[in-house]
Amino acid sequence: MGSATVKLTIDGREVEVPSGTRVIEAAKKLGIEIPHYCYHPALSIAGSCRMCLVEIEKFPKPAISCHTVAADGMVVHTDSGVAKQARAAMLEFLLANHPLDCPICDQAGECKLQQYYMTVGQYDSALLDNKVKKSKAKIIGPHVMLDSERCILCSRCVRFTDEISKSHELGIFNRGDHSELSNYPGMSLDNPYSGNVVDICPVGALTDRDFRFKVRVWYLDSAPSICHGCARGCNIRVDYLTRRLHHNDGKRIARFKPRFNPEVNGHWICDAGRYSYKTLEDEDRLYNPRVTDGNGDNPGWNAITGRIADALSSHISEYGVGSVAVIASASMTNEEMWAARQLFYDGLKIEKIAWRIPPGPDDIDDDLLIRADKNANTFGAEQIFGPMTHAADVQQVLDKIAEGKIKAWIVLDRDLSPAFGEEKIRKLTGGLKFSLYAGSHLHATSRSCRFLLPTAVFTEKEGTITNFSGRVQYFPLVVPPLGDALPMLEALSRLSAALKLEPISTDPGAVFTALAGDIAHFKGTSYAELIKRWAPISKIPS
Amino acid sequence: MAVQNIIKVAARRREATLGFWERVYIFEVVRGLWITTEHFVGNLYYHILKLFGIIKVHPLTPTIQYPEEQRTLAPRLRTLHRLVRREDGSPRCVACMMCETVCPALCIKIVAAEGDKPQIEKRPKSFDIDMGRCIFCGYCVEACPEDAIRMDTGILDIAAYSREGMVLDIDTLLSLQPAQRRTDKEVDELQRRLLQ
Amino acid sequence: MKLVSRNFATPDSHKLAVYEQSGGYARIRKALEMEPQKIIDEVITSNLRGLGGAGFPAGRKWSFLPKGNPKPRYLVVNADEGEPGTCKDKYIMTYDPHLLLEGIMIASWAINSHTCFIYIRGEYVKQARILEEAIAEAKAAGYLGDKIFGKDFPLEVIVHRGAGAYICGEETSLLNSLEGQRGWPRLKPPFPAVEGYLACPTIVNNVETISYVPWVIELGGQKFAELGSERNGGLRLYSVSGCVNKPGVYELPMGTPLREIIFEHAGGLPEGRTLKAVIPGGSSAPVLTAAEIDIPMDFDSLAKAGSMLGSAGIIVFDDSVNLVEALAVLIRFYAHESCGQCTPCREGTGWMRKIIARVLDGGGRPADPDNLLRIANNIIGRSICPLGEAASLPVIGFVTKFRAEFEEYIATSRKVDAPATTSRMAAAL
Amino acid sequence: MNAVLYWTSTIAKSAYILVFPLTLAFFLAWAERKQSAVMQDRIGANRAKFLGRPFLGLVHMVCDAVKMFVKEDFVPDSGHRVLHTLAPFLAMFFALITFAVIPFGYQLTIAGETIGLQVADLNVGILFIFAMASLGVYGMVLAGWSSNNNYALLGGIRASAQMISYEICIGMTIIGAILALGTLSMQDLVIRQGYHYFGWLPRWGVLLQPLGFLLFFIAGIAETKRVPFDMPEGESEIIGFNLEYSSMKFAMFLFTDFIETVLIAAVTVTLFFGGWQIPWLFESGFVWPWGGGWEIHPNVVNILRMAAFAAKVTFFCWLMMAIRWTLPRFRYDQLMDLGWKWLLPLSLANIVVTALVVLLVN
C-alpha cells in the first residue's frame, strides 16, 4: 500500500484524504454534496442508483463517486457538463416510473427526488407512456408502510436489514422495471430498529405508519434533543408543531428522528425510543397541582407548596425525619438530582433517597443500541445520590414501609407500579401519613399520593443527562410545558422556598456549575461546553 | 432634512402647475359646482320622466339593483370556493395541504385521514375554509395538484351571523355547484358593458 | 479446417471412448508435463480471445491472478449462453463435452485451481445431463478427482445449472448466482480475478474459449495464432441464423469476411430476396447494413467499424423483414432480462420497450426515434454491467442506420384512436 | 294686545320655529342621500319599502329613526356619564335656540291684532345668534372629553379650534352687514332690505356686501362641520368627537349638523338675501317696476313672504349640500390657513371698506 493519504483535485480544489476514501466522501470534505440515493456512509456500497456520477479525467466514461476510490492526482469534476448531463439523465430514469404521488406522500418536503429534481432535474417530461404499476400502501411491518411504486430500488433498506439490524427481512424481487422491494414471504419488518429504514429511504417508498398523514413535514420545526428511553442517550431530533395545531391530532411533538452522533448512536435509534414521544403529550399528563383528598380543586402552585410545606414539617416533627423516604427517578437530569439532593438531604436531612430499580426480565442489552436499563440517567444518579443515600434500592424503601418504619414518601416523576405491581403500591401508599408526587404523568403511583405537583417532560425543559458510559449530554427546551406544569428544577425550588430552606436556582446552568464543583465525574465540564457539543441537525437524512 | 426638502420641492412643483385663478380656488369651486349641478339637473329630469313612466331606463345611471338584478360575472372571476368531486362522488381532494400551505390568509384548515376506498390512499377528514379570513387571491386553486378546489360558484354574497358561521366545512364546500356557464352572447354583452 | 467442431458429426461423440479414439485427453497429458506458467505463455502467444463476447485475451486474464494470495483459486466456465442468435456452446457441450473437460483440466493446471464450476444455463437440460455423464466417466477413468492422471493434483468439476437469467451470463452476476445470491452484477473493481467466487481469485471463461485451449496445447501457441488474423488467434464458431438458406454453426478462422460466411458457407439468401441488414455478433452488436458486410469477422475489425464480434451470432435480415418489429423483439428481450439493479438499465430498457410497443401499436410519434436514441445514449456507459450497453447499442444501430424505415413506420401505421392492442407484435411485447 | 292671542301666537310661533328646522333637517338627512345620488349618477336610497313602495327613499328616514331609537345607548365605562349625556343636548339646544330671533315672515293681522312673525324680536338679535352659535361648541368639546377616548378628544379639540377660528370671521362679516344696514335687530335687517335701487333692483345685503356674503357663507359652512370642513367628525377615516356615541345621542349630533345647516341658510338669507322679502311685493301687493301692480290682501302677502323665506332657506340648504358633495375635504393646515390668513384679513378689510363707504355716503 502506498502512502497513508492521497491528494486529489475536485472541482479545481485540492483535498487530501486518507487512502481508501471514496470520492464522494472526499468531496463532502470540501463541502461539495454530490447527489446520491443508494450511498449511505453507514452501509455497504451498492452503486446502483448511478446518481453520483462524476467526470474524472482520464476515465473513459463518468464514474460513480460513491464507489471510486480516491487516488493520487485524480482530477474530478462534479459540476462539468458531462457530470450534469449524466445526473439529469439518471434522475429522468428514476422519475420515469415514479408515480406523481407527492400530494399524498409523507416524504414530500424531505424527499431527495424532489430536492434533486429542483436542482438537476429535467423539467419537460419526455415520457408519454404509462408508468409501471406496483403495489401501494403495503404494510410490511408494525411501523413501516411500503409503497413500491415510489421505490427507486436503492436497496438502502435491504442493506440496513442485512448489515445493521441483521434481521434480513427485506429483499428485492422480480427483474427489470418490475423489480419490487418487499419483505420476504412470511417475514414482517418487525425488528427493534425497523423505523430506521424510513429515515434512510431517500424517497417516500418506506413511510412511517405512525406518522402517516399526521402533518406535512414543512409545518414542522426541529430541535435537537436526547432520547430518554434508555441509558444509551441516543441523540435525536424532535420535530414539533407550533402553529396549525389542527394537524397531528392537536399534539405538538410529531416525531423523533435520529441525529447523527458517531460516539453514541451513529445514524440510528431504536423503535422504542422513536415512538416514546407519544407519552409526552398523552391524556395521562398531569396538568395542574392537585390534592387528592381535598375537593379536587386546583389550588395553584403557591397554595399547594405552602400546604405541602406545612404537612411535611408537621410530619417530621411528629414522626422524625427518619420516617421519610424520597424515591427519585433515574431519568431526571443531573441538575434535578443535584437540586433534589440539596433540598432533601442537605436541607431536610432525609437520608433515604432511592432510585434503583433492577431491569425487568425482558429488558436486555443488545449489541447495537438498546440498553437493559430503561432510565436515562442511572449513571448520574449513582454519582449524585450514590455517596450519601442509605437506601439506594427502591425495594428497601418498600420493605421499610411494609414494616411501618417509613411513614412518608416523596416520589419524583416515577411510576413504581410496572416494577412492583399496582396493588402493592396502592396498599403501601394507603398506609402512609404523608405522600407527595412530583412528576409529569398520572398513573397508579401518582394517583395514590396525596399531593400532586405537575412537572415538565424532557422536551419541555433543558438540562443534562449522563448515559451509561458516563457521557454527559445536554438537551434544550423544545416546547413550553403543558398546563401549569413546571420543570422539576423549578418545582423543587418552589418547595424549597415554601419550606424556607436555602434557595435552589431554577437555572440549570447554575445548578450544573455547582454540581460540577462537587461531584468528581463532572469536574472540569462546563455547561456552555456541553451546549456546544450538539451534533448538527440535518432535515434530510444523509 | 432630505425628506423635508423633497416634500418642499414636491409642494413647489404642485403649486407651480396651478395658475393664480386656480389657486384662488373659489372660481374652481364654482366650476365644480357647475358640473355637479349639471348632473343633478340632468338626472332629476330623467328621474322624473322615469317616475311618471315616460321612459323605461334611466340613461345616465349605471346602478344595478343588486339582489334582484345580478351583474354578469366575468368567467374567471374568483368567487366562493367549492370542492370538486370525482366521478364516483367522493372528493377529489387528497389532503396534500398545498392550498393550506400557500394560503396567505391562513384560512384553510385540512385534517387528513386514511382513504376510505382502496384506490384512494389519503382523503380530507375535514376541510374548513374560513370565509371571514379569505382574501380571494385564488392561490389555493393555483396550487391544487388535483384540480380539487375551484372558485367558480359565482357566489359573492357570503355572510353569516357569527364568525363560526363564516367557516365552511367540507360538506358545504362539496355541495356547491359551479355557476351556470355563460353563453358566448352573454360574454360578449358583458365585455361590451365593461368596456363602455 | 475443423478443431472444436471436428467431432460434431461423429456418432456418440460425447462418449469418453469415442473422444479418446480421436486423440482425446492426449493434450492434458502433454500439458501436465509442462510448467503452468509455460501454458499461460502459450495461450498468450496463441492470441486466443475470450470468445464469450468480450474478446479479452484469455492468457492475459489468467496472468492477472494475484500471486501470493493464500485463498483457493477457482475456474468458472461460463456456459450460460443466452445471447440471442448464438448457439455454439450448446453444440460443444452436446457433441464434445470431453473436449471441454480437457480444456478445463489444462486451464485448472495452468492457473492452479482445484475446483471448477460449469455454470450452465437452466434451459440446457440435456447438455447439463451430458456434462454430468461425461464428468462421471472422466471420474471413473481417474481423469478427475483427487489425482488426475495419477498426478498429485486434485480437480473437481461441478455443473451448476442457472435459472435462466440472461444477466447471469455476465461474469460477476454469474458468480453471485453461483454463490446462491440474487444474480446481480457486482461493482468493478475488484475484478473476479482478484475477488471472485466467495471473494477468492476466480477465472471466468467461456465454454468455447476453454474448448480451444487443448488445441493451443496441441498446435502450439504460435501455430494456433497463425490460423487466425492479426491479434485474433485461431478459429471460432460462427452461429448463422435468420434469412439464409443454411443456418447453422460454422467453424471458420478468425477474420473470415462476413460476406463469405453468409453467401458461401451459409448458402446465401433465399431466392429473390435481397440482403438488408446483418447483426454480426449476437443481438447486442450494432447492426450492419448490406453495404458494410465486406468486413473481416474478428474483434478488432468490427470494433473499428462501430460494431462488435461478440459471440459471433450472425443474424441476417432480408428485405422481407421489418426492422422496427425486429428491434422491438430485441428491446423486449433486454427489458425483460435487465436485472433491475442499476437505474439507467432498469428504467431505460423498460422505457424503450414502452415506446417501441406504442410505435407498433400505431401510437408512434415523430419524436420517438430521437427519444429512443436519447434514452439509449443515456444508458451507455452509466450502467453497472454491459447489459445496459447491450440493450442500447442495437437501438442506436437500428435507429441511426434505418431511420427512414422508422419514420415511415410511424407515419403510415399511425392511428388516431388506437385500440389497446392490435398488432400481434405489440401483444407479444 | 289680547293675552290669549299673545300666548297662542307665541306658542304657535315657537312651535313653527321648532318644527321648521327640524322638519327641514329631517328632509336634509334624506336629501343628503338622494341629492348626492342624483348628482353622482346614482339612484340612491330605495331599498327600504313601505307597502312595497320606496317612496323616493323616504322610508329610509323612518327606518333610521327606528334604528336610532332601538339601538343600545352606550356610555364608555371610563367616560363621564353626566357630561357624556349632556353634550348632545347642549349641541342641539344651542343650535335650535338661535331660531328664536330669526324672522320667518313680517307680520300677520289676526282679529285686528298684529302678530310679528318672529318668536323674539330682540334689538340685538344678530348678536344673540352669534352668542348662541358660539356656545354650541361646548357640545362638541364636552362630547370629546367626556368620552375618555383619545380620538374623540382630539376630534373635540379640532372642533373647538375650527369653531373659534371661523366664528371670528363670522363676527367680522356680520359687522360689515350691520354697518351697511345700520341695525342689530333681525326684523329691521330684513325690513331694510325691502327697498329697491333704481326702483327695481332689490336692495339685498348681498349687493351691499358681496364679499361679506362670500366670507360669511364659507365660514358658515365651516360652522356646520360638514365637508369640506368636516375635520371634527371625519366619520370615514380620522374619527371625531362623536366616536363613543350611539343611539339617539348620536342622532342628536347628526341632527345638530343638519339644524346648523338650516340655521346658516336662514341667517344667510336674513342677512344677505332679503329674509322673507319678495322683490316688488309690498304690504298691499306687487308694484311692478315698469308700472302698474297687483293688489293682494296683506295676510296673503305675508303668507307669501313666509313661503319665500322657506324657499330661500331651502335653496341655500340645497347649495350647501351641493358643495358638500362636490368638494374634497381640506387638510387641517389648509383649514387653519384659510380661516386665519384669508378669511379673517378679508373680513377685516371688508369692515374697513364698508365703514368708509358708509361714512362717505352718509
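Chains here go by letter, A, B, C and D, matching the order in which they are written, and residues are numbered from 1 within each.
The criterion applied here is as follows: a contact is a pair of C-beta atoms (placed from the backbone, for glycine too) under 8 Å apart; a residue touches a chain by one contact, two chains touch by 3 or more.
If you're wondering where the values come from, they're calculated on a predicted model, not measured in any experiment.
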item	value
Length of the line joining the C-alpha centres of chain A and chain C, rounded to whole Å	55
Euclidean distance of C-alpha centroids - chain C vs chain D, Å	115
Inter-centroid spacing, chain D versus chain B (mean Cα positions, whole Å)	43
Where chain A and chain D are represented by their mean Cα positions, the distance between them in whole Å	81
Topology of the chain contact graph, where touching chains are joined (line, ring, star, complete, other)	line
Contacting chain pairs - touch in the sense defined above	A-B, A-C, B-D
Of all residues in chain D, those that touch chain B in their complex	35, 38-43, 214, 322-323, 325-327
Complex contacts: residues of chain A adjacent to chain B	100, 102-104, 108, 136-137, 212-214, 216, 218-219, 244, 246-247
Chain A partner contacts - residues on chain B that touch it in the complex	94-98, 100-101, 109, 111-114, 121-122, 145-146
Chain D-facing residues of chain B, complex	26, 29, 32-33, 35-37, 39-40, 43-44, 47, 58, 60-63, 65
Partner chain A, residues of chain C touching it in the complex	165, 167, 182, 187, 335-344, 346-351, 354-355, 358, 365, 367, 371, 374, 378, 381-384
